[in-house]
Structures are given as structure tokens and as C-alpha cells.
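Scrolling down, you'll hit the structures one after another.
Below, chain A partners chain B and then partners chain C, in two separate complexes.
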Partner chain A sequence: MDDLRRIERTADMNDTKISAKGVQVFYGETHAIKDVSVEIGDKTVTAFIGPSGCGKSTFLRCLNRMNDTIDICRVQGSITMDGQDIYDPRVDPVQLRAKVGMVFQKPNPFPKSIYDNVAYGPKIHGLARTKADLDGIVEASLRRAALWNEVKDRLESPGTGLSGGQQQRLCIARAVATAPEVLLMDEPCSALDPIATAQIEELIDELRQQFSVVIVTHSMQQAARVSQKTAFFHLGHLVEFNDTDQIFTNPQDTRTESYITGRIG
Partner chain B sequence: MAINDNHIVASFDRDLESIQATMIKMGGLVEQALSDSAQALRTRDSELAEKVRAGDKIVDDLDLALKSDAARLLALRSPTARDLRLVLAVMEISSHLERCGDYAKNIAKRTKAMAGAGAITGTLADLARMSAFVESMVNDALDAFIQRDPVKAAEIIDRDVEADQIYNTLFRSFLTHMMEDHKNIAVGMHLHFIAKNIERVGDHATGIAEQTIYAVTGKLPEDDRPKHDRTAFELQKSDL
Partner chain C sequence: MSDANLSGATPIRKSSLLEQSALTRKRHRTGTVLRWLGLGAISLVMFFLAVLLWSIVSRGVPALFQYQAQIELYYDPAFLNPNGGEVTPEEIGGINLRTGFERGIFTSSLRRTLENAGIDIEATVASRWTAEALTALNGAGLANAEAVIEAAGSSADAAQRLGQAGSALRAAGAALDADDAEAALAARDTAAQALADLGFDEAASVVAGIAIADGAAALTATGYQQALLDAAGALRQPAQFDDAALSALIYATNRRDVRDRLVENPDLIGTTDATGVPIDISVTRYLSGELSGVGTAQMPPGFDIGQLALVDAMQEAGLISNAFRWHFFTNPYSQSGEIAGIGPALMGSAYMMLVVLVFSLVFGVAASIYLEEFAPKNRLTDFIEINIANLAAVPSIVFGILGAAILFTLMDLGFGNSIRGTALLGGIVLSLMTLPTIVIATRSALKAVPPSIADAALGVGASKVQMVFHHKLPLAAPGILTGTIIGIAQALGETAPLLLIGLSVSTGAALLSSPFAGGLLEQAQSMPTVVYLFAQNQDAPVREGLAQSAILVMLVLLFALNILAIILRRKFERRW
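Right after this comes the complex of A and B.
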């Protein structure tokens, strides 16, 4: 069964990028994440799937400390990136989020020009010394997000004037502009049409050459198409974490099977 | 958040049941065709043989209908996990049954061709016994599938050894008769092909059993069963 596609899918999954151990998340009294341990591979697309309210987005947001912004949210357990504890008090969450970029469900470009949307991150993180440097980063990021050819002649137009799919790719360009090592995507395609979705999926496959990508999706077919590893969450538990083709052809847990075959309600 | 046996989308269940129903219908027709072809051979009944030959068209049509329903199901429902394995297995089993139907048809054709010719003494009873044996393999293989019983399916795979052994015995018997008297060659060749056809049905029953194991466990059995059809090496030994 070791066809080429399979080799391609598993080839670069040797290193662990992010390691979570015994993670618990509480929103006030609500126990949202219950003892989740998972290893996110480098240069791998990992998909989180599960019914609404299962904790997949909450867990994703732990990976770049987005939950810090919610007062009643408490995170326990350990999450390390390249062996370093990201919840260590000495870690600056802003610096962390430059390394762990995020793309959201609804495209949310800044009300600025296309150029400034992408240039914003590199500017505040001091990644460019000269205007030429910055121009280079903007172009490279837009190219990486497969948007350059569509916008190169109107970089000064507002980002909000682009189509939904283009806006989402602009947000991806903005996320990759700070040279992140991990890209978190929370339902990045749910507001897009099938063509824009396919473009983003193709982009995800390109991006995993350089980054570790973690994607939360309600579309199981999307998880099957883009990811090499899949994690199934249910009621705050990580039920099953395995190779994507294994999850979709022969899952080991009956809850996973019930969910992906459409028998859980 | 209950875990159910049925799909949230009920029509998905109906589609899955529908292709299985077609498969079971094919199975019934194929078993009947095997049993009729054996009887036609034993009793030299050309009329019954003709009925078997004509009836194969229905099995072929059902196979095509099943494949088209399965393609639609794959396209529209995107089945996963056990649903996916079920659809893949049913498609494979349908192909196995279709081939079994072809073998019954071929036996019937040869039965008609041999009408009026003398038989080789003793072998018709052995052929009938072998035919009944593989027919029961097909029947039990389909039962194992319906019951989702991989243990029962594994037993059928083991039983194929016996079908191979009966075939080996018959092969030697036909060879001896043909060597003794060249007038036996025409009938001997037909009877040998009939025996080979029946032996192949046993292989397809094994294939059905393997698909059952795949559908239930997600793994195909390792292909390490010993081959008991030794006739491929027979010529060197008998030194014609």
C-alpha cells in the first residue's frame, strides 16, 4: 500500500513541533478541555475535528495563548514548542503569536491597504530595516499566499475591497509575513465558496513545506483532503489521534467512527 | 450527543441497504445457477442447462446496477470508515458473484455440447459433489458477510483447500482416462474445464470471505494460505 501519495503524506513527520501534555482548560466552572495530550508534528498538517462544543477551537487557541485574553479562562498542564514551555512567565505572548500565526473563520483584514495589511506584522516586530526589505517581505508573503498575481497592481487598495476568498488569502499572507513556525487555522474555509476553498487547501499543502499547520474544520472531507494527522475531539476529550487515512478508513474508537460516518447527533 | 447505529441522514442507510439487497439477490441467483448446472450435467438435461445459460444475463444486469448504485453512493454520500469499507466490499463481492455466474453458464454450455457423448465413468458424481461443496462455500460466505462474522469468513477460506483437493483428484482421473483412450479426450477436456470452473467458484467464495474480513476489521487477511492446486506441476510428474 506504500504508494507515492502515501510516502509523500508521511515523509516529513519525524519531528515534534508542539507537545501538549495533560492540558486542562476551564472557563469559570466549565471544564472545557479534559486532560489532552498530543504531539503536533513539524511540517505536517494536523486537523482537529469534532462536533460543535467539543473543545477543538479552545484547544487550538491554547497553542498561541489566545485564551489569555479571556479573563475567566484557566489553562493547566504543559504545552511546549521545540521543548520550550510556551506558558512560561518569561515568554512574551506577543512574540509567541508572531511565531504561531493564526487565521480565523471570517476573513478579518485590517481596514487598511493590501500592502499595509501584510506589512503590519513585520513592522511591529522589526523584521524589516528598510522599505525595500519590507517590500520584499510583502511580495514574498503575498506570493506564498497565492495572491500576488491578483493584487500586485493594486497594493494600495483597501484589503476589505477584495473578495471573500482573496481576503482570506490576504489574512494568510499577513500571518506568514512574520515568518511563523506554526500556523493555526480555525475554520479557514467555512465562509468561502468551493473554488476559494480549493485554493486555500492547495495553499495549505504548499505551506506545510515550511510550517507546521493545525487546522480546525467542520468539514470532515476537508480534514481528509488536507491533513496528514487527524485528532478527533468529543466533549472535551481527545478521543483519537492518528494518521488521517487511518482515521477515515479504519478508526479505532467507536465514537470516532460514529462521528465521521454521520451517526452521532 | 447520542451514538446511534443509524445515520442521521436516513436515506444514507437506505442506500447502503439497497446495494446489499442487490448483492444478496445476486447471491441467491448464483447459488441456484450452480446447483442447476450441476444437476443438468448429472442428468444430461439440456433444457435445464439452457435455463442456466439464459439466466446469467440477470446476474450480469444486477452487477451493473449495483456498480452504478455504488458509484452514485460514493459520489453523493462520501462514505467513510465502516461505511466506505462496506461499499468497497459489496462492489468486490458483486464482481465475485458475477464471475461465479459466468462459470455456471460455462458449465451449462459444455453440458449442452456433451449431450449424447459418453461420460467418463464415476467422475460425474465427483463433479456433483464438488459443485455442492463450493456452492455451500458461496452460501456460507454470504451468510458470514450478512452476519459481519470474520471468524466464520476465515473458516471458509480454510475450506477452499478441500475444493482444491477434489479438483486435483479429478484432474488426475481425467488425465488417466484420456491417456488410456484418445476417444475420451473430447469429453475429458470438457469435464476438466467444468471441474476447473467449479474450483474457481471456490476461489471466488474465498474472495467473498476475504472482503467480509476487510469490511469488518479494516484489514485484508495476509495471503499466506498454501496453494493446494498442484496440477500446474502435474505434467513433469506424469511424463507425457
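Right after this comes the complex of A and C.
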């Protein structure tokens, strides 16, 4: 990474998009997230790293209330987006999830056509009035996900017929299509080969122009490559949250240092 | 520091890889035994399946064909219009079907047809009985019996003379056993004389040679007495042959149609009409070779060899054809196998399946979606779940009792009889029975949809209802369809509950009208109950033929349903 880009990145990190304060998550009796506070900037890639089971995915799923679908999960503390509490009883999670898109670990396109995969979100949220509108959204989303050129001739073929990397980009296109403000990515590259991973990482860097991106990753190299901010989770605690450069070059906490040097994890 | 070198771990054994250890051999043996057991079980199942199919097909398929007598029906003016002049439709309509039309038109037409074909009915019957008498006489060693019968002139005379000789022998037998030696000798000689008078000289000398000491046993041992009496009986039979015996050969199934046609158009009187009239169903067993016609056990019940001789003659003359029993699929149930059919039963079953499909699919899928996706997981829903699973194992007759209870309640409320034995009630009862099957199938199909699809849908902001209806349900559809079709196929074959709610007694039910025109509320029959009725019929050909035919139709339907399930499944699964 050259210095020029690094400067450019820091210049973009201005205001906070999501602010979490004192978040506690319980799965039944298990205390999964312990008092996590984090500020996620707009037009920034924030990476959550940490060993397996440290709660980074759980915390990510709090940000678009996907945890609501788990009966035994309880969330305490406050998470605000643009100053509004997303756990306010008046907030409809359905509306929230249109604003906070999500990409999952395993590519999970719907068993429908490529077109329908991308068009589904805009359709249910009423984002397109005409078929032409919808076509435009689909094309734009696929272009943003760097998939358009590969699939433009076979939009009606099943999304499940694409390769793993293409499927994941299709999922990104699907998430992008609802015009979210934040994009959550839960280990988006863990099921992909290095080439597909490189494509997705490049894509993430480009997506940062429009969205605030939060990415959970197991790979410290990936976090170092794509993110500007990094949060290190350990055993449900947020150990350290800082600029990515700082975390990797000058960690403040010994646990962070042990993890990034490969001694725990 | 790890404990890799901890002592007390599994001891290291030295052994050759080329030799099987005892334990390995034992494991292989177990595997072989299990493999053979499995193979044996499968073979046994296949064997029983083959036997079952064979017994159904070998009886059911021939029963789908019916022997018919090709008759020139003659609308005899002498019978229909005995007084001459103008005949009114009312007069024709007033003629009794069984005593009038059957004899007056059908039997006389049969006689006419036979005569036209060059068959002398009386001679055919008589010659068969004469042959029977000859067989009896020759069997007993009474040589030149043919000449004796011919010498008697008519068969009636021959019967009388043979009978007298038989009686004389019986008297001699009785006398021989008595203590009076003189009377015994006299009776013996009288009997011998009777035989000699007939022309059985050899037999006469045999009887005359029987000593008193030999007793009646010696006389009986000759077999003359039995043969003479049998022959006399056989020779008396042709005189008994009358219209009733002729009429019994055919089943005048279409006599009502014929009467209706004549009522409509009296101008037909005096014309002829070639038609096929079913042969009596007991006789068909003789025609199909199932009964040989020799001896009492091989005789169609209620028939004698004279009638069979006529049947043989008709067959020789090409008057009997074997045609497919099309009316089996349209006619209503009847005690008489000749005209019995499964038409209303097929319709009734179809209507019930329709009711089952609507009720159990709608309620079943709705219940499953609620339980699977929306219901809170607590003790109450656990309880409901357990009970649904148990419901699937409840014997079907219990559902029948439930249906009967509904019926009685409705009767108390005043509209019970209108619903008794209807397809609607039957369908509701069968729906209750099918519901658990569909609920279980639907829930497992919904469970089988990968959670990642639900995540994906929720992730783009679909509501739970949208997630279920846009994504989960379409993916679960093949499973739901299969479950539904299996449930419906199960319901199609269910008998016990239907017997309890009156579908077996509605034997008079005719073809139903369309479901939209109230067909669901008419008296209905169903396939399984008709099979049950067929299997209880008094006539063996119905019990062992038509019942199998009806079962065959049911099996074909079930097979078609299962094929449909597979096709639908394939079609929906192949899409992606």
C-alpha cells in the first residue's frame, strides 16, 4: 500500500455513522458480548478481528438486528445510527435492514435468477416504480459489485449456478441494491479462493466510496489490506479499537500484540 | 509441555498387516451376516409383493372382460301387443321387467337366435344328458348300454326302465341283508331278470351268481344299482329343461333400456336388434375354464350339464364373445356381478380427494407455517407438536368414530341425514386423518430449507412473512407436495372410517353431479367401500374377480398419484 492512498483514506474518515455504547449480548445464560463500545465511521472500512468465538460476528449482527431472529438472544446498551437508537421500539428491523445491508460468510444467493436475486430487495422496499427503474437498479448494483460484465448476458440464469466468488459478489450486489448506508460483511471471503478473495477485497475498497463498511475477518492480512479502522475482540471484550496502521504496527494491548503476532488465537 | 509420552496409554502391539486378526475376522463375519440378512429380507418382501400383485392381476384383469351372448333381440309383437291394433306406450311401460321382458323378449330371442344358428336346444341338452347316462352305465361295466337306451325309444322311457331295474336291485340288496333266504333268492332273481329284460345279459348273470352268503355288499360292489339310478336321473333331466333354464344363462341387464326404448318408440315392435347380453356370471367361470363342469364341485352353482351343453354349442356357433367390461367404470354398485360397476365410487373417491386436498392442504400448510415460523417455542407449542405427531399414528377407525360423532350431532340438530354418506362428510373425516401427515411433511420440508436462505432474505430487509412466502415456501413446495400426495393416496385407500359414516350402505348411489352443483352433498360411494362390498358378495366370481378388478383400479390410481408426486418433485427440484 502506498502512502498516497493511506493519506486519502484518513481524509475520508470524518463523521461517525454507527455508535455503539456499552453493548451487552446474552445468549440465554451465556454472556457473549461484554460492554463493547465502538464508533464506526462513515465511508470507512472497519474490520473486526479476533479468534473464533470472540463475539465479533455476534456484535456485527447486532448492528442490523439480525440477532432478533434468535429467540434467546438479548441485547443491552445503545446502538445508534446517525444519532437514532436502532433498538428503539419504534424502529422496524425490516426498514433498518434495508439501510444496513449484510453479506454472509457463505455465499447465499436465492435459488432464483441473477436478476431476481438483485431485484428482490428493491421490489419489497418499493424502490423501483417501473420495470425500467428496476432494470437500472439491477444493472447499477451488479456494476458496483463488479459482476455486470460477467453476467450481463445471462441475467435469467440461476444465481446458484455462478462460481463461489461470483456468488459472493452477487450477494454484495443484492445488498447494495437496497441502497444501504452501511454494509456489514461477515467473513465474506472465508469460503473463497485467493483470486476471488482479491476481487472481493478490491470491491470492498471501492464500495467504501459510498458506504460505511464493517467487515468481520479471520485474516489479519485481509484486515490490514482493506480496513482503515480495526477492532480486536477477545472473549467477548473489545480489547482494542484504533486505526488499522496503529493496531498492526503499534498495538497498545499485549493481547492484541500476541494475537497479531500469532501467539494466541 | 504436553503429555504425549504419558505412560498407560494404549499398548503398542506388533502384528502383520498381511494377516487378519481374530477381531477383524469377527467384524467381517458380522458384516457378511448382516448383508445376507438384508438380502433375505428384501427377497422375502419382493416375493410377497409378487404374490400379491399376481393374485390381484390374475383375477382382476380377466374379470374386466365379460362374456356376452350375441343375441338378435326380437321385439315380438305377439308378446308386446297380444291383442293387436294400436299399442300405447303406457301398455308397454306397464309390462313387468323381470317376468315380462326378460322371458318375453330376452329368453325368446335367445331361443330364436339359437335356432337360427342351427342349434337344436332340446337335442343338444338331451344328447349331453344321454352321454352322462352312458358314462354312468359304462363306468359300472354295463356293456351295450347305448343299444339299451336306444331300444327304449324316448329318453323318458329309458329313464323309467333303468329306474325300475335300479329299484329291483335295491330291493334285492335289502332282501339279501334280511334273514329270509327264500325272499332274498326271489328278489335276486327278479333283479337279474330285470337286467336281462333290459338287455344287460352279462350283468344279469353276474347278479344271478351272487350267493346269499355274499350279502348286499356283493351286490353294491357291482355298482349296477348306483349306475342305473344315476343314468335314470340323467335321462329324466332333458324333460325338465324349460325357459327358466334357458333364461338363467343370460342376464337381461338392458331390459330396462329396451323397455324405455320401446316406450319411446313403439314402432320398433316387430323389428330385431343385434345386441350383446351378458352371460350369467357363474357360467363365465365355466367359460373361462375356471370350472370344468364335471362333477358337482366343478359345476357353476345353480346350473347343470344340459345348460353347459347349450353354452358349449353357443360357443361353437360363435355366439359368445368376450368383450371389455366398459360399464364397470360407469355403472353403480349392484349385487349382480354382471352389471356391477364402480362409477359412483370412483366419483365419490375423487370428490373426497378434492375435499381432502382443499381442507388438509390449506389447514395443514397454514398450521405448519405457524408452528414452524411464528409460534413461540414454549410448553404449549411443544404439547401441540407432540399431539400432532401422535395424531398421525391414531388408527383410522378412530377418525371414523369422530366422523360418526359429528354425524350424530348433526342428526340431533336436524340435518343429519342430508350429510350421512356424502362425499363431504367422508372428505372431512379423511382430511382430519391426512392433516397430521401433511403437517409433518410440511414442517420437515420447511426445516430442510437452508437457514442461509432465511438469513439472506432477512438481510435484505424482507419481513418474516415475506421470507416465508417468497423464499421458504417455494423451496419447501416439493416436500409439501410429496407429503400431500402421499397423504391423499393414504386417504384414498382408507376404508374403516368410511364404513362408520355410512358410505358402505349407500349402495344405491348413482353417479354424482358436479361438485359445484351439490355433488358433494349427494349420497356417495367410495372405492374402498365398494371393494369391501364386492368382497362380501354372494357370488364367487364377484368376490374373486370384480373385487380384484376394483382393487386394480385403485392400485392404478395410487400408482398414478405416486408418479405424479415424483414428477412434481423432479420438476420443482430441477429448476435450480
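Criterion: the second predicted complex is superposed on the first by the 261 of 265 C-alpha atoms of A that agree within 3 Å, B and C clash if a C-alpha of one lies under 4 Å from a C-alpha of the other, contacts with A are read in each partner's own complex, and residues count from 1 in each chain.
Here is the rule we use: a residue touches a chain if its C-beta (ideal position, glycine included) is under 8 Å from a C-beta of that chain, and two chains touch if they have at least 3 such contacts.
Keep in mind the model is a prediction, meaning the values are calculated, not measured.
With chain A as the common reference for superposition, the partners chain B and chain C occupy compatible, non-clashing space.
Once the two complexes are overlaid on the shared chain, A:235 sits against chain B while remaining clear of chain C.
In the superposition on chain A, A:178 makes contact with chain C only, not with chain B. In the superposition on chain A, contact is made by A:263 with chain B only, not with chain C.
Seen from the CA centre of chain A, the centres of chain B and chain C span an angle of about 140°, rounded to a multiple of 10.
Contacts of A:210 after superposition: neither chain B nor chain C is touched. Once chain A of one complex is fitted onto chain A of the other, the partner contacts of A:254 are limited to chain B, with no touch recorded for chain C.
By the touch criterion defined above, A:190 reaches neither chain B nor chain C. Taking chain A as the reference chain, the count of touched residues is higher for C when chain B and chain C are set side by side. Of the two partner chains placed by superposition, only chain B is touched by A:220; chain C is not. By the touch criterion defined above, A:78 lies against neither chain B nor chain C after alignment on the C-alpha atoms of chain A. No C-alpha atom of chain B lies closer than 13 Å to one of chain C in the superposed arrangement. On the side of chain B, the complex with chain A involves touching residues 1-9, 12, 78-85, 218-219.
Chain contact summary for the complex, chain A toward chain C: residues 64, 66, 69, 71, 94-98, 101-104, 106, 108-112, 120-121, 124-125, 158, 160-161, 171, 174-175, 177-178. Per the touch definition, chain A reaches chain B in the complex via residues 51, 220-221, 224, 234-235, 248-251, 254-258, 260-265. Partner chain A is touched in their complex by these residues of chain C: 376-377, 450, 452-463, 466, 470-471, 475, 575-576.
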